[in-house]
Each structure stands twice: as C-alpha cells, then as structure tokens.
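Before anything else, here is the set of structures, which you'll find just below.
Consider the two complexes below, in which chain A is the common component and chain B and chain C are the respective partners.
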Partner chain A sequence: MIVEEITVRAQIREYIGQNLTKFDDEANFSDSDNIFQLGVVNSLFAMKLLNFIETNFQIKLDDDDIEIVNFSTIDNMIGLIAKKRS
Partner chain B sequence: MSTAAKKEIKCVIWDLDNTIWDGVLLESDQVTIKEGIIDCIKELDSRGILHSIASKNNFDDAISKLKEFGIADYFLFPEIHFNPKSASIANIKKNLNIGIDTFLFIDDDAFERDEVKFAYPEVECLDALDYDGLLSHRHLQPSFITEDSQRRRLMYMEDQRRNEREKTFQGTTQQFLEQLQMKFAISEAEEYDLKRAEELTIRTHQLNSTGVTYDYEQLKQLLNSEYHKLYVCELTDRYGSYGKVGMTLIETNERHWHIKLLLMSCRVMSRGVGTVLLSYIMNQAKTHGKKLLADFKRTDRNRQMYVAYKFAGFKEVSHAKDSEEDGLILFENDLSVIPPFPPYLELELPKINITEKEEE
Partner chain C sequence: MKDIVSQQNIVAEAKKFTDQEIRPFAADFEANESLPRDLIKKIAQKGYLGAIIPEEYGGLGLDQLHYGLLTEEIGKGCSSTRALLTVHTSLVGESLLCWGNKSQKEKWLPLMASGEKIAAFALTEPEVGTDAGNIQTNYRQEGDRFILNGNKKWTSFGDIADIFLVLASNNGKPTAFLVEREFAGVKTTRMTGLMAGKAAHIAEIEFNNVEVPAENIIGKIGNGFTYIANTALDCGRYSIAWAGVAIAQAALEEMVTYSRRRTQFGQKIVKFQMIREMIADATTQIKAARALCLNAAHLRMEKSEDAIIETCIAKYFASKVAFKVATDAVQIHGGNGCYNKYPVERLFRESKILEIIEGTSQIQKEIIASYGARKYYRPQ
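Up next is the complex of A and B:
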C-alpha cells in the first residue's frame, strides 16, 4: 500500500517535471505546494494532468471530481486517486 | 440542430494505384493519372476539404510521382507504407485532430475498403470507380466557403512547421510558447465574420460548450440584437494566422451575462487560448457588475469544455435530468477568482466597449 503510494507520487512528480514552465533546477516544490499558484506549470497543464491521471492510473473521474483544487497539489491528487480506487 | 443532417466530410483519403492513377507503381513507373482527377482534387481543396493518402507503396517513389503530376502539396500527412490502411487512417486522424466520421476513403480494392470499414464503421468508403461523382457527393458540399476554409490546407502546413520546431526545441513548453510570439485578438463580430461563425458552430466539437449550431440568418439577428453579444477571436503567430478560431455568444440583461455558446477550434487547443476568452468574459462581466452564467450541454466529445468551465471556477447551479431534455447544465461563476491571462501571448481586446443602456 505504502510502496504503491510512493510510486504514484513519483509518477505524478515526474509528469509535472516534464511539463515545467521553468527549468528543473529552478522549480522546487513540495507535495503540498499549489503548483499553479507557484507558477511551476501553466494553467493549460491542468487539462493534461487530468488526462494523465485518468489514463495512467486507470480511473474515471466524475463531474464532481473535476475541481481545480483536486489537481493543485500532489497530496490532493493522491487523495483523489485513493478515493476513486476505494 | 441535428448533427447527422449537417454531417460534412472534412478530409478525403486517397489510395494511389488504380485510384489516383492507372497502373501499379511497384510494377511500372509508367502510370498515368486518371482523367479529371487533378481538377477534382483542386476543386475539393478550394472548398476547404483536405486530402491525404493511404497507399501501399514505397514512400519516396510515390511522392516523386505525385510531384511529377504537380499535386504532391495537396496531401497532408500522407501514409505511404505497407501497414494496414486502418492504421494509416488512425494516424491521419491523430495528425489532423478531426473526428473519424469526417473522413471519406477512396480505394479501388474492395479488400482495403472492407478492412477500413471493419475497423472504423464511421468512415465513409467509396469505390475508386465512382470518383467522377465526388464533386457532387452530398457530404462534400460545404454550405459556404469562407476565407478560413480556403486557407485550411495552408494553415495545416504552417502547423506542421510549428510542430517540427516544437519537436526539436530545446527548452520548456513555456519557452516554446513564448517564442511563437502569439497574438490573440478578441473582437465584436462584424457581419463578414458570420459565415465563419456558422462554420465554427458546425465544425467544432471538442471545445464546444453546447454543440448547438447557428446559421447565418440566426447569427445576423443575434448580431443586431441589443440583448446579445457576439465575439470572435483570431490567433496569429510568427508562422502565420490560425484564422478565426473561436467565438462566443452572450445573452445580456440588466442583471446577468449568460454565455449561450463558447467554442474554440481544436487546432489551437494546445495553445491555451480557450481560457483566455473565458477570462476576458469574466473580467467584462465583473466590470459591468453582472452575474455570469453559462450553458453547457454534454455531447459525446466536449468533456474538455466541461473541464475548462470547472477549472475556471464555474459551479453547477442546475442540471436537467439526462433522461429528458438533453441534460443541460447551468453554470454560474461568482467571479471571485479570474484566471490571469497567460504571459506568453499578446492580447488585442475590443477597443471600445459599447456599454449597455441601463448603465447610462
């Protein structure tokens, strides 16, 4: 369980890393940082992130899940994925 | 309103041997172009219909033969190799980013047509024997031809150059977007925009908030209505113009602005300009002290637009039951947070805001 969550976190972080607005060494963010407010990714990325989470973790998000807050921090994304898988 | 009746073919996919020319290129270099085929291709091109190729041949040989006939430039993303044609069509669809039901495939070989039909029943298949009927084919008659439709192939070619640049670009996505030097112009629609606006309502499926189509006459009435605003947007960058790529129709009264339709061409989806138009409307509604409402009607392809509204802070205030009236969702935005305009593009906004009477 724990190991799996670590993997999921790493995968999300890697995906965000591929879509940074800045270069890697300038973009430091924690799992609880709001990536949109910090400006490490642009708002256009939110849509890609949603598609990534659905396809990569094989979950289908409902209308109620589609709130920007669910995608704004890695912690929130982990929470969303856990909820959909339970 | 019905999408089935309005169905239009956006792209014709051609086989080569015994379809565009008589003969088999692998067997002999001496193939002859079929009579009238060049005129047919050029005529469809001028109607804004795209062409591509799915042929089992050697790529270089086939392209040089097409160049010899002077028509190589008419085909976008040609698929010339020995893989199944259904796979070729899937690739073309991916590259053009248009619906699978907007293709017409023309081939002399019944086996190839069946193979495609089996994989994609939505693709219309035509026997090459019937090519002389193409120009009068009922799905190849756009109801009008706009400046944008005539430039369509060129716009895709500019896009290919952009994409090649993007692939080799050393830097972040943001830096790539910056060096495109995009200009996004929002303006109040003029009468000459209306044909393109009608075309957008028919052709746009993914970033389309309701899928409701409006024809020229309806749009003209709305343009002259004091209770409606109609905006169109154009995107340009260093490679050229993407044309008029988006529009919105807003119903206004003394209390609210109500977005009846918001749409943006899928060609500019990766440029993040959909939210720009939305941010502009939100700013305007706030400035005028209006409540902001928006209609959303789910179709089989427009989930992206639902996401765009939600991510821009819209909340569902009512939701008609799916069983009955097509599940119309009404959104409202309290305008407390308005997504900022992206820094990588230059904005050109309507010069003067024609203020409503009740504000005087």
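Up next is the complex of A and C:
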C-alpha cells in the first residue's frame, strides 16, 4: 500500500470518526464494512461525505459517481478516489 | 446571482405584496380551503415560485439568505401560501436543481419558475411517516419504463400539482421519479378536516400501475432516499425554519397590538407584568430563532459542511418558538384568542404543524443530540 493511500484512508476514517452517531467504543468497523448498514453514521452524513471527498481530495464527482455503494465503505471510497485521480 | 440591493428590493416588494394580496385574505383562504388560482398566478408573476431558481432557468436567482427572508414575509401573511413555496420551490425546485440532469433542469425549472407547472413532493405514506426509508410505494422496471404502485398521503398541493417528485422503492433501492399528473393511473384525493394547512390543497395520491419513462428518474436508481429525499428535506427544513420565524413574528405583532388596545381593570393590559413577561420572552426568542436562521443561511451560501446540522437546529428551535409565541398570543387574547375572527387562533394551529413536518422535533433532537454528544465531549 503506497503512503498516499494510507494517508487518504486515515483521513477518511478520521472524518467518519468525527461524524459517528454512536460512541467510539460502540463503533468498530473495518475498511470493508458498510458504515451506513452498520448504523455508525446516519443518512445525512452521506451528503456531507460528498462535499468532504471533493474538497479534501481535490476531485470533481460526476453524476455517475454518486451512488451510495461508492461511499458505503472506506475501501470503496479509496477505489473511487483512485479512479478519479487516474 | 442578483446583487444584494436587488435582492433586498425583492424582499421589500414581497412584504408589500403580502400585506396587500395575502394577509388580509388568509382567513378567507382557510374558510374556502383553497388558495385562489388567481393568487397563485400573481405569486408566479412576481417570480416567487422560482425565487431561488437561477435566472438562467427563469427564476429570481435569490441567494439562500434572501430566499429565507422572502419566505418569512410570505409566511407572516399566510402559512398555506408559504407552504406553496416550501414544497414547490424548496422541496422540488431545489432538489431538481441539485440532482436533475441538464435536460431535466432545462425542461422543468422554467415551467416551475413561471408557475405553468405546480410541483409537489410525495414521500409520506399512510403507514410511513418519520421512517421514510421504509416506504412501501414500489416500482418495477419494464424496458425503459418504470411501473409505480402505491399510495402517498399528506402531500401539500397534491390536489392541484401538475408534477410530483415521488419516492418509490424496489428491493431496497429507493428511487426518485418525476411523475406527471397526466400519466395514466395517477389519482389524487383532497384531504379535509385538517387542523391547519387548510388552504394548502393537501391530498392523498394513488399510483396504480403508473408508467414513468426512464428520463423522469431524478438522480440515479437507488439514490432516492440518501441523496434526493435528504436534499429535499434539508431544503424543506430551511424553509420551515423561516416559516417558524414568520409565524412567531406575526403572533408577536398580534399580541403586542392587542395588549396595547385592550383595557382591563382600567388600564391597557400591556401594563401588566405577566403580559409584559410574555412579550419579553417572545421578542427575545424570535431574535434567537432568526439568528439561527441567518446563521444557517450564511453556512448554506458558503456550502459549509455544518449547514445541514445548523439548519436542523434552526428548524427545531424556530418551530418551537413559533408554537410558544403563538400559544402566548392566544393567552393574551383570552377568549378572543379562541375565536377565528382573530388571526392568533389560526397562527396557533398553524404553528403546531411546524413541529411535525419536514422531520418532527423529536427527530431533530435525535440528530442534534448525536451531534452535540460528539462535538462537546471533553476527553480525559
């Protein structure tokens, strides 16, 4: 895993951590867990997430990118960011 | 975007328009359980139905702040009239603006801004209110068409709308459709016997094998709740926050005017300390509610990530203030406050609705509590 991806992964995890609807000790999730299905964030967070990803990783999301599956796990977000940057 | 002075002038004009065309007739609208078509036409001609729609689509191009101020002016005159802006312009217009594709925006936004097409938002169902993610209205795909079946309820302006932004689901993939009234299988039934919103043409809608072309899907399949409905409700909450300020302000003006004219025990009741306490509380709380709305407006204009939560806070507080001030206004009016010849009787009923629509106060508090419990935790 390259250093940049580790950094992006950490930034996303930190951002999710700032927006948890559960307390930290109740919100264990892996990078492949669906954060919405687990209920660690609410659906309003999905809208914030779009803004966060565009702003922090300097990418422009197209209509086709905006599917909940692209933002439901950290792995999927990493994949989307990598795709947009390639 | 228009310059600030032009926008201020539009808000000032809206105040005059409301004072002349809306406020004096609000009780009649209720009695007739209808907003006259002629009034809707005048509102459209003023551009208010496209108040926040960009000028390129025929709207006024107001920013969030001035749209909020305009909503307050109209809301002070008549809640049902303000509701037209909330559903047509905020819930549907802003959602289309945000999630519609180029051709959808070019087709529908000018028609909405001009008032040629009235839009309504159809999310709530007979058995699904707050639990909006569990909607029962369903769709199935057949080629490039989608077949909708189900029922919606409490749809403001559903009785007269030409287009409906409808949320329907299929195997956990909620999707937003723009359904045209003229599509076969759409039936609306006016709801009567309501406590408030009597002139807001609230209706039940039945979709019976309604064929909707793929081009009428807003956003992507499966995005209906997470993105489109959440956008609509966020915009709706912003509108309702200002509606709360509007009702509270109108109720304050009524309570002050009445208490300065009403004489008991040989003096104007405004002289009594307990009346003065209610006026003081109302004045203070309205200023606080308006400050929250203004804060939300600026955050929305900055596209701040805090805009959503601050809008929730503004909506929760402003609707609570509206109910409290309207309740006190009735109290100050005594028996007259329970009589529909006095506007406070209507304001009291209308204020209660704001604590329910676009997310109940209980749901707002859940969201705000989660935010507060995280943000204000002091780690040891």
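Convention: the second predicted complex is superposed on the first by the 85 of 86 C-alpha atoms of A that agree within 3 Å, B and C clash if a C-alpha of one lies under 4 Å from a C-alpha of the other, contacts with A are read in each partner's own complex, and residues count from 1 in each chain.
Just so it is clear, a residue touches a chain if its C-beta (ideal position, glycine included) is under 8 Å from a C-beta of that chain, and two chains touch if they have at least 3 such contacts.
In this text, all values refer to a predicted model and were calculated from it rather than measured experimentally.
In the superposed model, A:Leu44 makes contact with both chain B and chain C. Of the two partner chains, neither chain B nor chain C is touched by A:Gln11. Of the two partner chains, chain B and chain C are each touched by A:Leu20.
Looking at the shared chain after the overlay, A:Asn76 reaches neither chain B nor chain C.
Looking at the shared chain after the overlay, A:Glu67 reaches both chain B and chain C.
Partner contacting the larger number of chain A residues, of chain B and chain C: C. In the superposition on chain A, contact is made by A:Phe52 with chain C only, not with chain B.
Residues 19-21, 23, 42-44, 46-47, 63, 66-68 of chain A are contacted both by chain B in one complex and by chain C in the other. By the touch rule above, chain A contacts chain B in their complex via residues 19-23, 42-44, 46-47, 50, 63, 66-68. Chain C meets chain A in the complex at residues 101, 133, 219-220, 222-223, 225-227, 230-231, 234, 303, 305, 308-309, 367, 370, 373-374. Interface residues of chain B facing chain A in the complex, by the touch rule stated above, are 172-174, 270-272, 275, 304, 306-308, 310-311, 313, 316, 339, 342, 344.
Only residues 18-21, 23, 36, 42-44, 46-48, 51-52, 63-64, 66-68 of chain A touch chain C when the two sit together in their complex.
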